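In order of appearance the chains are A, B, C, D, E, F, G and H, and numbering begins at 1 in each one.
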Amino acid sequence: MTEEAIFAGFGGQGILSMGMILAYAGMIEGKEVCWMPSYGPEMRGGTANAITIISDKLISSPIISRFDSVVALNQPSVDKFEHKIKEGGVLIYDASNILKPPTRKDIQIYGVQGSETAIKLKNVRVLNMVILGSFIAARKTVDPKAIYKALESVLPERYHHLLPLNQKAFEEGMALIN
Amino acid sequence: MGELKLMKGNEALAEAMIRVGCDGYFGYPITPQSEVIEYLSREATPRTGMVILQAESEVASINMIYGAAGAGRRVATTSSSPGISLMQEGLSYIAGAELPCLVVNVVRGGPGLGTIQPSQSDYFQATKGGGHGDYHLIVLAPYNVQEMVDFVKLGFELAEKYRNPVMILADGAMGQMMEKVVLFDQQPRKTEFPEWATTGKPKDKPHRVVTSLFIEPEVMEQVNLRLQAKYREIEQKEVMFQTIDTEDADYIFTGFGLGARIAMKAMEIARSKGIKVGLIRPITVYPFPYSIYKEIAPKIKGILDIELNAGQMIEDVRLAVEGKVPVEFFGRMGGMIPDPESVVEHFEKVFLGGK
Amino acid sequence: MGIQVQEIPINPEIVQDENLLYCKPDTLTPKPFHYCPGCGHSTVHKILMEVVAEMGIQEEIIGVAPVGCSVFAYDYMDVDMQEAAHGRACAVATGIKRMMPDKFVFTYQGDGDLAAIGTAETIHAANRGENILVVFINNAVYGMTSGQMAPTTLPGMVSTTSPFGRDVHTMGYPIKVSELLATLPAVAYVTRQSVHTPGNVRKTKKALQKALEYQKQGLGFCLVEIVSNCPSNWKMTPLESNKFIDDKMIPYYPLGDVKVPEVK
Amino acid sequence: MAKSLGDVVIDIEKCKGCELCIDACPQETLALAPRINQKGYHYAIKVQDNCTGCNNCALICPDAVITVYRKIVK
Amino acid sequence: MGELKLMKGNEALAEAMIRVGCDGYFGYPITPQSEVIEYLSREATPRTGMVILQAESEVASINMIYGAAGAGRRVATTSSSPGISLMQEGLSYIAGAELPCLVVNVVRGGPGLGTIQPSQSDYFQATKGGGHGDYHLIVLAPYNVQEMVDFVKLGFELAEKYRNPVMILADGAMGQMMEKVVLFDQQPRKTEFPEWATTGKPKDKPHRVVTSLFIEPEVMEQVNLRLQAKYREIEQKEVMFQTIDTEDADYIFTGFGLGARIAMKAMEIARSKGIKVGLIRPITVYPFPYSIYKEIAPKIKGILDIELNAGQMIEDVRLAVEGKVPVEFFGRMGGMIPDPESVVEHFEKVFLGGK
Amino acid sequence: MGIQVQEIPINPEIVQDENLLYCKPDTLTPKPFHYCPGCGHSTVHKILMEVVAEMGIQEEIIGVAPVGCSVFAYDYMDVDMQEAAHGRACAVATGIKRMMPDKFVFTYQGDGDLAAIGTAETIHAANRGENILVVFINNAVYGMTSGQMAPTTLPGMVSTTSPFGRDVHTMGYPIKVSELLATLPAVAYVTRQSVHTPGNVRKTKKALQKALEYQKQGLGFCLVEIVSNCPSNWKMTPLESNKFIDDKMIPYYPLGDVKVPEVK
Amino acid sequence: MAKSLGDVVIDIEKCKGCELCIDACPQETLALAPRINQKGYHYAIKVQDNCTGCNNCALICPDAVITVYRKIVK
Amino acid sequence: MTEEAIFAGFGGQGILSMGMILAYAGMIEGKEVCWMPSYGPEMRGGTANAITIISDKLISSPIISRFDSVVALNQPSVDKFEHKIKEGGVLIYDASNILKPPTRKDIQIYGVQGSETAIKLKNVRVLNMVILGSFIAARKTVDPKAIYKALESVLPERYHHLLPLNQKAFEEGMALIN
């Protein structure tokens, strides 16, 4: 099993931690993991992405150009990555934020109401957890339990009171798929 | 066994510096390795008293390293390509004065300001050229975050054993990516310093002088001969490389660092197609593992070298095999990453007559 | 030259150990200086090492030699020393001092070394208030490389790279290092001295001693600029060169303290 | 009043004949020798017996080749 | 034909810069080449209006060269080993921005401050490593004062033809010695400048940008590919070497610059002993004349390479002959000069079994 | 955010060519700035190019971009430009100006570029009185590399390399570049301005224009320091960052002329 | 006395929503739009019809996205 | 014919120009010539030397360590170079300046009264021409006429009134041999 995913969106949408939590969960399950953020001044443009690879085997390059799955939280990310998904792969996007939805027919596309769900939970900052929930529901890359454990490790102690909210957001996100 | 963590290469490297008992770090920010000095600024001094100083430039950094290493301390600096170019005079001085220290180059694409994306185009600089004069750095090429940690320790051991600067030649990806890593335990900082270090003239013993100046050519030649003898010893004793499935191999893929990871994947793909490919990964790129290539050359049909540059290590591979087997190249430049499928495709084209 | 001079033998009544007033300090090695006749470099080496001897800190001080005529300073000064790359003495000294804050650290630098190629390292060490002593020999020329213009070469002064005299409009004005560095808040003590008369030698020695005392007190960066000569490249006899110091150098580079530590 | 009587010893093989000591001596005690030393320099010598031990010559001597003695006569 | 003169290498070089119509020189003194800036300071401006500026350092010099070359002017700098090390970042930028200019390294012994006596130990730096990134200088290796003059002209021609920095790789002896030299006539300075030069935005045309920054890896790779294509062209077209008596040779002596002069003398001695020795002297060391060695290898019994270093060009010779013939080395280091008799002695020992 | 706002359509009577009061100058390319929202860099780009347009010197000026956030200045400024190595803009500008003394030459540099790695090149260009304009953006941080301490970071200010606040005793004091350079005799004009209010934008524009006029007159080195912001790395909104300029930056870096050319 | 009547045109797709113009406008003519543009920024819009054409907003706008018109009414 | 010579003494004794004039004369005679001065800070020590090679054939290294002939104008130069003369070679020294004369038996040694001759000519600065005269008399490397022509070219115009004196000194020097 190998999952080559990319998470992309505006800076501030929690893009990087989404991938990091997934990588952490992969590690908890004993897998090989690799997480690689975009870096440098292109970030001034306001976009960010993180490649996350989870595999049973040695991981080759941390930088790849074709993906099993793409999570896109803004229009530029949809535009940029839709065509980099392998045939049969998955594209998840936040339907609340996208004007021109993706059009490919040879992949599975999920437009989830991420932002709305987050607003419903009264905290827009959990958008990333909602979407991660949808991602896991769609891909089953790791067990949700590993995600919960990963969250504990990734979130600094002083934010641990937010764990239940994040878990809730994740669950809501899972529920958006099917 | 130490802790298992998920860490960014740059931060793992910084953490390893603290744990290995470094006395000081002098550096100047540059992408893609600024996390090193940032991590150290947060973590190091409170934990071990390690001195962290942001220098005014890379020229200053490397000369601070010279001074601090000359005082017998364990010190390190890190930078990326343009910054490392600025250190070339200083590195030559450090090699000439035989001071142990650790220098890390998290390579980005050049020449010039280039791009900040990962590259391996400083191989020649690290292993052959660089500064002026006949000298060598010991150059370690990590291929995952674990080695970013391990080579800090190994690097200081080699540096101190040979009184020679050691370089970790990584690349932007090694610095930026997160992987699993096992950390070694905190080591105490040194309290005793080598005899040659300038820590204040010892009573009734001659004063110590750290210098690379030997104005009389007769003396300078002796110094050069001593340095060359040291390099021959290093070439004898310290070569490190990894081989995979070379026993039955018809072909060899080779590469260092990120190139080697890609080569490994490409090898898997080739094997899955029934082509018997093995792999050689130089771990020390100076000293270069010439002998393993020489040894294997008569047994195989070809070598494909994969690098993130225009073809640099390939010269060493060719020097090793002396035309006994064809050596071909596949590389991408400017921060582009070769993908394993194209590697195999290229391999099939040049060796199997595919088109 | 034609005049006959008669050498007078020593007076054994006076030349006795108990009457010894002055001799070369122990902190200098026995090696004869390689400097040209009358060169101020060796005078400064001598008094610096006298101060080290008098303060009893030979085992606690580390020096940094520059690239310049005084590149071999370590052959003469019998203390632990490092030879820095051209201009980088202050960076090297920073490396040393940060590792061993309890030791004394000094650099010894020429004007090309300190004020041309080493500008950034000098200014930033000063600005950080590195607790070191910088001994700065201003001889208005690149001595070592045979007489090129230095950042401190006087207006109109001829050198091998200003053969028609330094033209301040294309080559810039001589840099007043002491005044420049004194503007930085972390600089504790800046003084400009000379060694071209016995009286000035005494004052310079005093200044060096003060600077090292301040270092002991942790006051920060101290600069002792010494206006000096280069008879060989000025193409003068040593005596003429000293006159040039009086007539031309000191008017441009006035002697005296430029900044003294505040009494707390 | 104490009167001082001085003398100087010059390491003539290390002297470079720069004449700074000669110039600095208030007593005109010193002069250059007509001969040269092994390094090719006319070296400084004592030519009058009137040294007061004021130390000026030693202070100014760049090569630190002058040793000064002074006897305090009460 | 021009004037016949007896001139010091450094001064001949400076005179050639004036005569070739140089617009500017920016440099910093260092032994053994300070005569260049001294001569230019005396001679240049009154004669041609050429601008001479003593920079505050070699780092400044090379960046002034960048600016002036970017303005389309013919400009040069000179230095010696440690100073050239300080220029590595700048050189990489110049190569990346594809600016033509001339850089002269009058090599002294290293590493570090080393010695000021002649050496050839910066061969690797000049031809392989040096700055960061995949780039090449065109490197010319003069072996007498005449070539110190001629290569100034040739150097600018190549630099401007390829928009690439050219290095003259000389050594302390080439700079300091006097020999007969024929000077070419004064050429006028240029009054027209290349289209790409930043001389002020032309009306109704796009502005010009001199840069080596291409942040997008896709773009950077294209730039790298263009650079590599240029290097291949240079390797095709600009190789220069000299051969002597290779037709009947059983053995080849080889070397560049001063090493070649010594090799020539050693060849004479060997020939006088009845040993058929020929000589190959690379004139361009980048591009290196691989093909002549490759061509000759099957016809001879051995190659002796003579360098004033620990053995650097020998790697290129070995790459060329691919083990088809043994390549042995004789060198001195640290400013020591091999003498032709010892060369022959060494030759006899390694090739004729003499002891 | 909850408040409903209603967009008002433009008034076609007013929005007519003849009423045009201000628009983006032609001397800027159409490319949108990559800078973060509210960043002073783009404001300065804009007014500098306005001055170039107003003086009609678009075809006679050559700019030098630094390494820093403004590394892409040449993508926006529609004049011939060179991209210098980090810190070396003044050396590059010297090379350009010495070859073409009749053209206008400026550098555009950040505080890390100019006052850390570029210290020597800046000071020596200033000391030679190179007849160039240096536009110096002091935002007290390394913007490009994401927030490390700059030579101008304020005492106690937090950055990624001074996570416990800048400790002046180990990291040195913020360098007052304008005051330092103003001490050099060949420096003609030094002024410190800001662009955080419309009034300051006007003054800065005036200063830039003056500096280019002085360059035309051949008066020598001119420095326009601009106290600016870095909302992203200061971790503030643009408006908060402008308040920080008022409250913290300007008290340390007072605005106004530091040196003006003598009237001859 | 001459009276001026102003108006502004904002290139909303290039606006980054920094709010500097809003803060600088003495007339409170401007505000951020609730919607975001393609770059993800809430952009500045005119919310009152009282622009005097004082030019403050354009001067301060880092992205030079404001064009100002002013009609001089005699 | 090849002459590999070195001229050595204190700085200021005209050592460098001695070799240079010889090289120039060689060039006038159409020979290959090479002149190589000592350089660098050892000159601070007050000594100088110049290797001068005149040959019919291509000249190998300009820096050599064994000589056909040595001219030594001070004691350190005699000490340093006496043992670097090839068997059968020549050593010329200024007898007025040397305390420990050379002792080798397998070379020809000329101790000439150079300084005295120069003093006799009322100009110590022509010492080098005196010695060069002796050198040419002993070695016959070039024709004296070539030396006179070389002098004209090497001496700056403003010193041309000194040409006769220099020629005289040269002749006196020649006369010191035999």
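One rule holds for everything that comes next: a residue touches a chain if its C-beta (ideal position, glycine included) is under 8 Å from a C-beta of that chain, and two chains touch if they have at least 3 such contacts.
The shown structure was predicted, so the numbers you read here are calculated from the model rather than taken from an experiment.
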Shortest walk length in steps over touching chains, subunit A through to subunit D: 3
Contact pairs, highest-scoring chain pair: B-E
Distance-maximising chain from subunit B - centres being C-alpha averages: D
Inter-centroid spacing, subunit F versus subunit C (mean Cα positions, whole Å): 39
Euclidean distance of C-alpha centroids - subunit A vs subunit E, Å: 54
Distance between chain centroids, defined by C-alpha means - subunit A, subunit H (Å): 85
Subunit D, residues touching no fewer than two other chains: 41
Shared-contact residues (touching 2 or more other chains) in subunit C: 35-36, 71, 83, 85, 116-117, 119-120, 124, 144, 151, 170-171
Junction residues of subunit A, two or more chains touched: 40-41, 46
Residue numbers on subunit F that touch subunit C, as the complex places them: 116-120, 123-124, 127-129, 151, 168-173, 175, 179-180, 183-186
In the complex with subunit A, residue positions of subunit B that touch it: 4, 6, 31-32, 116-118, 172-173, 176-180, 258, 261-262, 264-266, 268, 337-340
Subunit E residues touching subunit B - in the complex, by the definition given at the top: 59, 81-82, 84-86, 88-89, 92-97, 107, 109-117, 119, 121-122, 124-135, 211-225, 227-228, 309-310, 312, 315, 318-319, 322-324, 332-336
Footprint of subunit C on subunit B - complex, ascending: 23-24, 26, 51, 53, 55-57, 59-61, 63-71, 73, 75, 89-90, 93, 97, 198-203, 207-213
Subunit D-touching residues of subunit C, taken from the complex the two chains share: 1, 4-8, 10-11, 13-16, 19-25, 28, 32-33, 35-43, 46, 195, 197-198, 201-202, 231, 237-239, 242
